[in-house]
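Each of the two complexes below includes subunit A, the first together with subunit B, the second together with subunit C.
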Partner chain A sequence: MYQFITGPLLWLSFTIFFVGCFTHVVLYIKDLDEALDRVSYTTHIGWAIRGALWSLISWMVPFGTRSWRVKPVYTLMFYLFHIGAVIAPLFLSAHAVILESRWGISVPTLPDVVADWLTVGVIVAAVGVVIRRFILPEVRILTTDRELGALFIAVAPFVTGCMAYHQVGDSTYWTLAHILSGELLLVAIPFTKLSHLVLFFCSRVQIGIDFGTKRGGMKSVGMPV
Partner chain B sequence: MPEGIFCNRKSIDTKEGLQEFMTDKGGAAYYKEMESLEVNVPALKAELKRTLKSRLKTWLNTCQGCGLCADSCFFYLANDKDPKQVPSYKIQSTLGEMVRRKGEVDTPFMIHCMDVAWGQCTCCNRCTLYCPMGIDMGVMFSYLRGLLYSQGFVPWEMKIGSGMHRVYRAQMDITTEDWVDTCEWMEEETEEEWPGLKIPIDQEDADIIYTVNAREPKHYPGDLADAAILFHLAGEKWTVPSEGWEETSLAMFAGDWEAAKMQVKSVYSAIDRLKPKRMVVTECGHAYRATVIEGPYWAGIKDGKPPVETLHYVEWVAEALRTGKLKIDPAKRIKEPVTYHDSCNYIRNAGLANDARYIMSMIAEDFREMTPNREHNFCCGGGGGLNGIGRYRKERNTGMIVKRDQILATGAKLVITPCHNCWDAIRDLEEVYKIGIRWSFLKPYLVKMAVVPDHLQHLEE
Partner chain C sequence: MRKRVEATFAILLILLCVGMRLAYTGNEKLPERGEDLIILDALDSFGERERPAVRFPHEKHVADEQGASNCLVCHEPRSEEGSGIKFAFKNRDGLSREAVKDLYHSECLGCHADLEAAGQPSGPQICSECHVNSSVDSPRSSHTLHFDASLHALHEDAASLDCQACHDSSGAVQRVVAQDASHPVSPKNSSHALCITCHLNVRTSGETSAPLDCTGCHANPPASASSSEDTLLSENVAHGGEVTFDHDLHESADIACDVCHHKEPETSCSECHTDGASPESGGITLQVAMHTRSSERSCLGCHESMGAGVVDDCTGCHEPFTVGHK
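Here is the complex of A and B:
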């Protein structure tokens, strides 16, 4: 069982994840249409790069846009979730050990205590995001099974990983659950709203080019989009 | 009834067609017919397949439903934070639903889409600035308007507007002769006071070709005279084209992309014909957006720029003040508190915030910004064609509450706005809410306070 889910199933999950994400990006770029989008992507290259970078950086830096600044509580939850969700799994020493032993790849790691707190941060933020979804009418009306399902799939590996690390109850059970939920997450990313893992970058670059070249970026540095 | 006499999928292409269409006062019969206008599902499916590409698909599919767009929408704020006014909800329940159903939609659904696309969104693009995913719901509603127009589900006044562009290459029934007459009339009216002033028509190789909003020759010819005075004072070598003088595009608001293309092409041919160095557009937001920002794409210009460098009026004024072509008499500056309203169409679609601030610093002693301002300014409440649509008057008046409160918070009683649509909305806002404000374009104040150079004569009446 363990051999299977950490062997062929893991390979399959990674394949689906990488091929799926790559396909999303390729199709996104291939389908951009200068006439229909009314954006000239291939002229004004310098302005386009500037606009794209401005768009990405402004939105990736906490409180970098007015939208983040006017909603500080949500912004904190958002970054607590996303920073932990990206950094903890990539630099977890337990993951690095597997990489090293299986393929001889050595990666830098975070101290376990930091990874642990990042994981707790992800779980706390996810709970906060769910509560917010139900108590704010303007978010409740936008909430469907798709949003809740994506959140559940995204958080499951962190909850199970946390349980396994702290050896709560049957640690073998939690370890298996962690691996399976991690694989589910990898497979789900291309097929759910979690595809924003790559489409966020596509969309922000596109709108950055749009505003950077066409809609005022050549005249005003202040457009934070 | 597949198609009605008034309400159908055909565009209005003739003068007679327009006249007949307008016999249905207020569109009473038109909207009645719309209730039984059948949706051409195969055509809608085909159009979705042809035009719904990666950008729109991604915008629709990757909205995470975070709700950050809610507070960015003046309709949401003005309607007591009604969740049904959240931008994401509005687009998902209309265009999103249409796409999910793959175009298999019925007449009541299309009428609902029309009511949301024109009555609950002015395409002000403000929500785009608040979306972490960079989803532009203004652009999506504009796209939806195009789909609705092609199926005949368009507000009555918008159908007239796009028909006007098709017939007159102007948003109103103004012929070339009417326009030229107005220019000559304004020249005659003005030259007594300003000896030597000319409104040059069809001069080739001018430094500036000046283009306007049809409302100016139709209702406010004095605006054209003011523009002429300011060009005269600044010593500009300018001209107006006898054809291709209209910058506005109700076709853009209507989603009639074919008419939008016809309209901008008329302006671009005037440029080709007269070969001016630059173009200056009157004080109008959507006109600038239509002809300068979107127009090149409709006309198929690869680099997305108009044939010559084009300035909005605020850019020309700022440049004239900076270079000293126009000088302001400091004693005549506006003394009372004054605020300034940025038009969505040039502030979020052309980045003209700084020039406007520079002008205000030169002409006003007590300039008070609205909060928020610049790129984050709220729509006047009447943008995107909403001002002119009788069916959504109540929605428009409710939406204006946000602008009303922004103005009141400044304490100023005078609002300057270099945009016809905003000017109208602020006028109507005063009519509805009676908050004791006045409103103006820039030109009347500039004419009053500009210094007359020594070599020019000014014979005051």
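Here is the complex of A and C:
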């Protein structure tokens, strides 16, 4: 069982994940249309790159944009969730052991206690996000089973991983559930709203170029200040 | 369909987990215990551990029918021929914390994975199956070895060992001296080096009686041993080691009383020199008091100075260990 789900099934999940994400990016770029979007993506390449990077960085830094600053509690929940969700699995020592033993790849690792707190942060933030979704009318009307389903899939590996790490109940079951839910998350990413894993970068780059060139980004170029 | 793909995946995940829970005849993992249990605490010397130490059931890893060569799967042979194996896991010396961790993971998990791939019974590959939380720990079982008279007789009679095979000239069990004085050899490792090296050599020579598995020696339940019928029986049928001291003979040998009774004429040796180093004895145990060659108060010292030559035959004083009624 363990060999199968961390062997062929893992390969399959990774393949679907990478091919799916790559396809998303390719299709996104392919579907850009300078005429329809009325954005000259390639004309002012320097300004375009500057705008794209500025947009990416501003939105990735906590409280880096106005929208982050007007909702500080949500911003904290958001970063608590996303920082943990990205860093904990990538640098978990137990994952590194598998990488090392299977493929001989050595990666830097976090102390287990840090990864544990990040995981708890992810779970707490997810609960907070769900509560917010139910109590604020402006997001409640947007909340469908798609949103809740995506959140459930995304959080499941962290809950099961936490149970396995702390050996609550049958830790073998929790570990197997953790692996399977992690693989389902990988598979689900290209097919669900979780595809924002790559599409966030695509849309930020696109909007960054738009604002960096056309919508005021080049306003002072050639103009008297 | 496309609109509900997240929910579909979520429901699938729930079904998957519930199904696995139902299908999986999992067992609550209990910490390993028993006489053969070894706590793998090699990382302790590098500071605090991140995961619970592995409770390693040695017996499960020893396929006895393969004999001594099987040890070399995990242990290195010592450099000198016939000097046994190193008890630490192979290739571990001088490694960093991360390297020790990698070594155990690659060797243990690699072997377990290979066995599973070969369709053979295998060991755990999931973190918590080896690193069992100490919060659900049970006390480490005792490794005390009851080397009683019958076992002594077995080594002397059946294995035809001289006293000196195990004892030094003071009568104590031989201790292995560390090559590096800053890392003294623990009594445990010393005894293992003495016994297992000998057993290994016996087994290598084709003889099968010397046990190499942990419970071959550490089998008695320690706490209840004194009341166990088996132990009582073995103590009744085997005896030996006693010294029958002929006081009259020593008196007639022109030895003054105070040579032996150096404190007071009426005080016997064992009043001060107990088995432990009591304060009255000046830290000299009964065994040392009887066997110190450099002291004329001791049996050995006196016998040698009286011209008996170097005493190296224990059975000149001690009864041989034999199986049978007294």
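As a working rule, the second predicted complex is superposed on the first by the 219 of 225 C-alpha atoms of A that agree within 3 Å, B and C clash if a C-alpha of one lies under 4 Å from a C-alpha of the other, contacts with A are read in each partner's own complex, and residues count from 1 in each chain.
Throughout what follows, a contact is a pair of C-beta atoms (placed from the backbone, for glycine too) under 8 Å apart; a residue touches a chain by one contact, two chains touch by 3 or more.
None of these values were measured; they are calculated from a predicted model.
When both complexes are overlaid on chain A, the residue A:Leu176 reaches subunit C alone and has no touch with subunit B.
Look at A:Tyr2: by the touch rule set out above, it reaches subunit C but stays clear of subunit B. Residue contacts after overlaying the shared chain place A:Arg140 against subunit B, while subunit C stays out of touching range.
With both structures placed on the common chain, the touch criterion links A:Lys193 to subunit B and to subunit C. Of the two partner chains, subunit C is the only one touched by A:Val113; subunit B is not. Applying the stated contact rule after C-alpha superposition, one finds that A:His95 touches neither subunit B nor subunit C. Judged by the number of subunit A residues each one touches, B leads among subunit B and subunit C. In the superposition on chain A, A:His82 contacts neither subunit B nor subunit C.
Where the contact sets of subunit A with subunit B and with subunit C meet, they give residues 147, 193.
Of all residues in subunit C, those touching subunit A in their complex are 3-13, 16-17, 20-21, 24, 26-29, 50-51, 101-102, 105-106, 109-110, 113, 116-117, 125-129, 132-133, 135-136.
Every residue of subunit A that touches subunit B in the complex is listed here, in rising order: 27-40, 43-44, 55, 59, 65-67, 70-71, 74, 78, 133, 136-144, 147, 193, 195-196, 199-200, 202-204, 206-208, 210, 213-220, 222-225.
On subunit B, the positions that touch subunit A within their shared complex are 51, 53-55, 57-59, 61-68, 70-72, 76, 81, 83-84, 86, 88-89, 92, 128-136, 293-294, 297-298, 300, 302-304, 347-354, 372, 374-376.
Note for the complex: subunit A touches subunit C at residues 2-3, 93-94, 97, 100-101, 111-113, 145-150, 152-153, 156, 160, 164-167, 169-173, 175-177, 180-181, 184, 187-188, 191-194.
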